[in-house]
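Heads up, the next two complexes both have chain A, just with different partners, chain B and then chain C.
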Partner chain A sequence: MIEPALEQTKAAEAPAKPKRPKAKSMEMIGEQTKALFESAMLAKERGEKVGWSASIFPQELAETLGLVVLYPENHSAGIAARHQADPFLQECEGPLGYSNDLCAYAKVNLAYATVLAGDSEVELPDGGKMVRPDFLLLTNNICNQLTKWYENLAKQLNIPVFFIDTCYNPWDYVTETRVRYVRAQIDQLIHDLCEFVGKQWNEERFRQIMKVSQRNSYLWERANNLMDHKPAPLSGFELFNYMSCMVCNRGKESTTAILEQLNAEIEKHIADGTSTYPVKEEYRVSWDGIACWPYLRHNLHTLKEYGINMVASSYGKAWAIEYDDLDGMARAYCFASTNGDNATTMIDRRMEALKRFDCEGTIYHVNRSCKVMDCQMMEVQRQLSEQASVPFTSFDGDQADYRNYSEAQFETRIQGLVEVMKQNREAKQNG
Partner chain B sequence: MADIMQAIALLQNACANPKAQMNQYIAAGKSVVGCFPPYTPEELVYASGMIPMGLWGGQSELKLAKSYLPAFACPIMQSNMEFTLNGVYQKLSAVIIPTLCDTLRCMTQNWRFGVKEIPMIPLVYPQNRKSPASVDYLISEYEHVLVMLTTITGNMMTEKALSAAIDVYNEHNAVMREFSSIANQHLDVITPKIRHAVFKSAFFYDKKEHAAIVRELTEGLKQMPEFAFQGKKVVLTGILCEPDGVLDVFEENGVAVVADDLAQENRQIRTDTPTHGGGALKRLALQWNARHGCSMIHEDGKPRGPMLVKMCKDNHADGVVNCLMKFCDPEEYDQPYFEADLRQAGLLCLTVEIDTQNTSYEQIRTRVQTFCEMI
Partner chain C sequence: MYTFGIDIGSTSSKAAIIRTGTELIRETVIPLGTGTIGPAQVRKAIFEEVDLQPESICYTIATGYGRLKCDYANEQISELSCHAKGIHFLMPTVHTVIDIGGQDAKALSIDDNGALVNFQMNDKCAAGTGRFLDVMAKVLNVDITDLGPLSLKSQHPAAISNTCTVFAESEVISQLSNDVSLEDIAAGIHYSVAKRVSGMALRIGRKADVAMSGGVALNVGVVCAMEKEMGCPILVHPLCQSAGAIGAAVLAWEKYIKEHQ
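Presenting the complex of A and B:
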């Protein structure tokens, strides 16, 4: 998600103003992303096996084995943000015969994979840097659709799926029987994956990777938490730019370097009383749901008009995954994404964020691609709004399908939210 | 023939008025537990001395459900939410919701907060069935269901009762499979609508009673001379094929249903629980691992296409009607693959969108007519 977001952030800046120099951490993340795709190309050239992975799969396992793994969700988001999704969506819903009801990340990726398989003529705007995979790494902690999507990829490309079923959590905690089931699958997966790629598991290396991953999770969470300063040191959407290092490179030291740099930059902003948010921060809000990548620029522009900074997101922090052994890993990956957790957990986490970041409103993205986020959103909105006494608005959008968004609706909804936030503030000031 | 028609009328009445069935069991002192689609361990409810009843939606004007679900949620969940908020389910002692799709995951939470008067029992089936650990995990989920059932209703099962319940369900499966086979020799009597009622009514009966009625029906059919059906024969696939208006369109066009792969019908009865291999709970968990060809259960290799081809061949069907439930993503992911497999086997496949809220069938009528011409 790094490249599109960088582009969008640039575009979001007012043309009249002098260009703000790119932060060093942003340059580093660009290099890291480039290096990942290059290493995938080189690995293929060397005849090594390259994988595609679900975004909240225990990336540390592949990292321990030194495998290059790419991330379809991340890649589809990039295509969507660069406004290149259309031919893939058309291909998927046309010749490939898929319903337009499906997740747009999946639709873009399934069409892309068809090109890689030589069964479609759609031009690849990135020259095919998302190289054809030899295996798939799957978890369903994000949603059940991923399971079906990967079933289809495996059949289409005739490759194996290595699957960890992380089980939905209807309870407020991960039951021990889930931990045992998931742990057994991790053990089996390590065995099967080693056999498939012809590599040996190295416990010592795994411990090192785990340490790196833990350090990165800590730094990521810390960077997110520093947004509690007023005014926030960053324009909140910028944090989406850094997600690729947590999604794709969580177990790498290059990520540690990027996040240390990011933390240092944020601290400097705090010390200097500056912010990358381009206008005066009038309102602080939380954002619920995945970014609306095709319209990130419009989202930013609209929010900026009212001085609204998105200081808390429910979504980026899903990658701050903490554990210190394989059992802990099993538990942590079952509980990472609030998509896989019950409404109580979801509400608690959002409540904590609203308080910590002192948000005056919440914006809910009714993401047409994501039923698991949308089908309990109304209940979450009701409860959260009541508990936190914070108003909310929602808008219809999509994480990758540009057809499911109305600029006018977004603008009207934000205008409405601002009016309520303003009234609330006045009422508070007047006692 | 009179007995046959009587049995059919009984089953059709149960489908037309499930509430009367529920009230009848409750009046007889039984507790009734609602079971969400597509699969729940009904045997656990049955073994605890209660009646499991299927909750597969139905036609209703959606009003209250709109406070919980977006317009693009599956129509079954929409109507289940509407029905419960309207008090239709108020006499249920509990409901069991399996989280087999993303909408079902959310339904556990919508029910939990929106329907406080009917306790909800969530059930998370394992999807990585190749993992041996999935069996122990599922046993623990079943035990959770049992503890909640006991806490809510005071009814507790025994090992003996569960073994007996499994026998009842296996026997019911066998009776339904035999009916399905014999029905194909009497497609003049067993129209698509009647076939559907015979299957669907199983959700509103004690399975022992249902098996007895269907057995009698099958025996009656066996006494009749075989009917040489001259129309088109199809296999249905999907979640369900409702409302009855859709099935009427088949009948109008001389189309008979000779087999199905519907979650509401054949998928319910095609996998028996093993009779050996451990305690009853373990055997029930092994049944889950033996289920095959269902969009809601992860399997490698997209096996549904070859399965449908075989069903067509075994039942001399001319093609498949894909009853694609509106907004059902698991089914939508399977569609391109089984359609391609059917094409390759020289079989036609017609996809019709199923919306249980539908009241107009003109579009389906035109499509079925064209399909028949193509056959």
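Presenting the complex of A and C:
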């Protein structure tokens, strides 16, 4: 019997290395996030109004007015990633009486808000840094459930919602009538929000903020696109860590500094032929769906076992929003999220990504929290695998509810995908 | 030259020894899965049965839920590829495999060489798996091996939902208290599994021939219900429960040859 060579299909582990120091851009992200929560706390102390906002609301509007705004979706993701979601999920499904089938971001946030309202005694692991809001900013471009979630928040906390109803896009463009519909709402919202917070709209400042936002969108997209180098300069999951600057601080110059630093770090990796991906990049795959935050570490660890780097994601790039005036803003925010697009548009975008990033497979996160995403995912994977001849696997999980995931199931599916990708590669090499 | 395949499942352990990748010497099943003495027992049993020593084996592949715990294997391969290869070995005309195991169900699309092309697996739920049938047999107080033949006597299969094992168990109890016959309940249980699994299988296509593997394929009632739901005949090999282990042993030979060419 020959000596066992355990797990030969897996990538060879890199020799033990000293722990890599944190990239400067990553440190900057940490500082920026901390500063945002501190500024919210200070604003409250000064008696200023602080808002909560949906993740793809045109935040340039609030930025122009100098308002501090926090992001429940981002905050819930952070709580889930730190394995602190359980008491909030229990509170939401128990005393608050919400359904288990709700989005887990909503469940965590609704329970958190109940604590802020003084109606629950769940301990806040972050000391309540997500301060009680005075108003809500909402668009439904990323999610329809947000409208009911925010309606409930508004009722519970007795605060107003400033809402922009964007449109589902049956075509691969946004019609002018829809642009006018959304633009009219933006104009009204600016008027109403100014009145509510007692501030004047400053067109010049708005233009400046737009410029910053556009620069940031460009830099964000560029950083994502640089993953097309081989080997990819980053471990793909690391880009998820930078999303907070695009979600929460898209119109800020601090984000420009972070993304310029990130781009410079990526360029250096490319020039040096190095990567933050810890093992040899054997396979390049795309990721479809929101990150499975409670098990991000397990996802990464399992993929690393086989040398799989996630070089393209349909998710993060949703925040690369390009426009140069208010009409453009209306158009861009209608078209920002894949949940507002038709299947053909989504498939075309993914097809382009598979080619650009030279992916050999796709991993679909069937996210129990997001029924809209799940509804389209099966058809997208069927058509895309046929058109691109790229195999895929899907796994059950959740963006914030840790109960909807099985580690063993994930491991088997990934190994199965690797076996198919390996066969495909061998067949290609053998002509 | 012998190769060894071991399939360590959640509820049973299967082993197979193959000579030169073509001749199945032996296969053995022990109804104890990962985390028990089952994996060690099945290995001991098969070597005793064929009068071989483990040292006679030139390559070993482990598969199944407990594959990563098998430290003597040369390699671990997913049960997806192993069932594909095993069914191809047993029935070379098959291109679609439905494997219902103890705690998962999968549909595999395979090529002319038995290589995995595409697959679908169940979600995080025991409905539509072997565990579901175990629970139902217990409620009916029927031995799991009798559930299939019993269901074939049914005239009017009962309606049993397939979204949750626990709720389905309550439904079965309710049907029993309403004096619905055991035969009809057993058939209803099999349709419940078949509806859930066939939906998954149809998503990857239905390229002929279609076969079932895994322990649940031995249940004639499930196979019959699956044929109706899939709308096509389903082949079942008598060694279907060992298909994963057989496939592992075949793959072990292919790996050995590749490494020694």
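Operating definition for what follows: the second predicted complex is superposed on the first by the 414 of 431 C-alpha atoms of A that agree within 3 Å, B and C clash if a C-alpha of one lies under 4 Å from a C-alpha of the other, contacts with A are read in each partner's own complex, and residues count from 1 in each chain.
The definition used in the following text is that a contact is a pair of C-beta atoms (placed from the backbone, for glycine too) under 8 Å apart; a residue touches a chain by one contact, two chains touch by 3 or more.
Keep in mind the model is a prediction, meaning the values are calculated, not measured.
By the touch criterion defined above, A:S254 reaches neither chain B nor chain C. Of the two partner chains placed around the shared chain by superposition, chain B is the only one that A:K155 touches, whereas chain C remains out of contact.
Of the two partner chains, neither chain B nor chain C is touched by A:N225. Residue contacts after overlaying the shared chain place A:V366 against chain B and chain C alike.
In the superposition on chain A, contact of A:N202 is made with neither chain B nor chain C. In the superposition on chain A, no contact is made by A:Q90 with either chain B or chain C.
In the superposition on chain A, A:Q423 makes contact with chain C only, while chain B stays out of contact range. Put simply, more of the residues of chain A are touched by B, taking chain B and chain C as the two choices. After overlaying the two complexes on the shared chain, residue contacts for A:T412 are found with chain C alone; chain B is out of touch.
Once the two complexes are overlaid on the shared chain, A:A343 sits against chain B while remaining clear of chain C.
In the superposition on the C-alpha atoms of chain A, the part of chain A touched by chain B in one complex and by chain C in the other spans residues 366, 378. Put simply, chain A touches chain C in their complex at residues 1-2, 4-9, 366, 378, 382, 385, 391, 393, 396, 404-406, 408-409, 411-413, 415-416, 419-420, 423. On chain C, the positions that touch chain A within their shared complex are 54-60, 65, 68, 71-81, 104, 115-119, 121, 123-124, 203.
Taken in their complex, chain B has these residues touching chain A: 67-70, 72-73, 77, 99-103, 105-110, 112-114, 122, 124, 126-128, 131-134, 136-137, 140-141, 295, 298-302, 324, 327, 329-330, 332-337, 339-340. Across the complex, chain B is touched by residues 96-99, 101-103, 140, 143-145, 147-149, 151-152, 154-155, 160-161, 163-165, 167-170, 175, 177-178, 180-181, 184-185, 188, 342-343, 366, 368, 370-372, 374-379, 383 of chain A.
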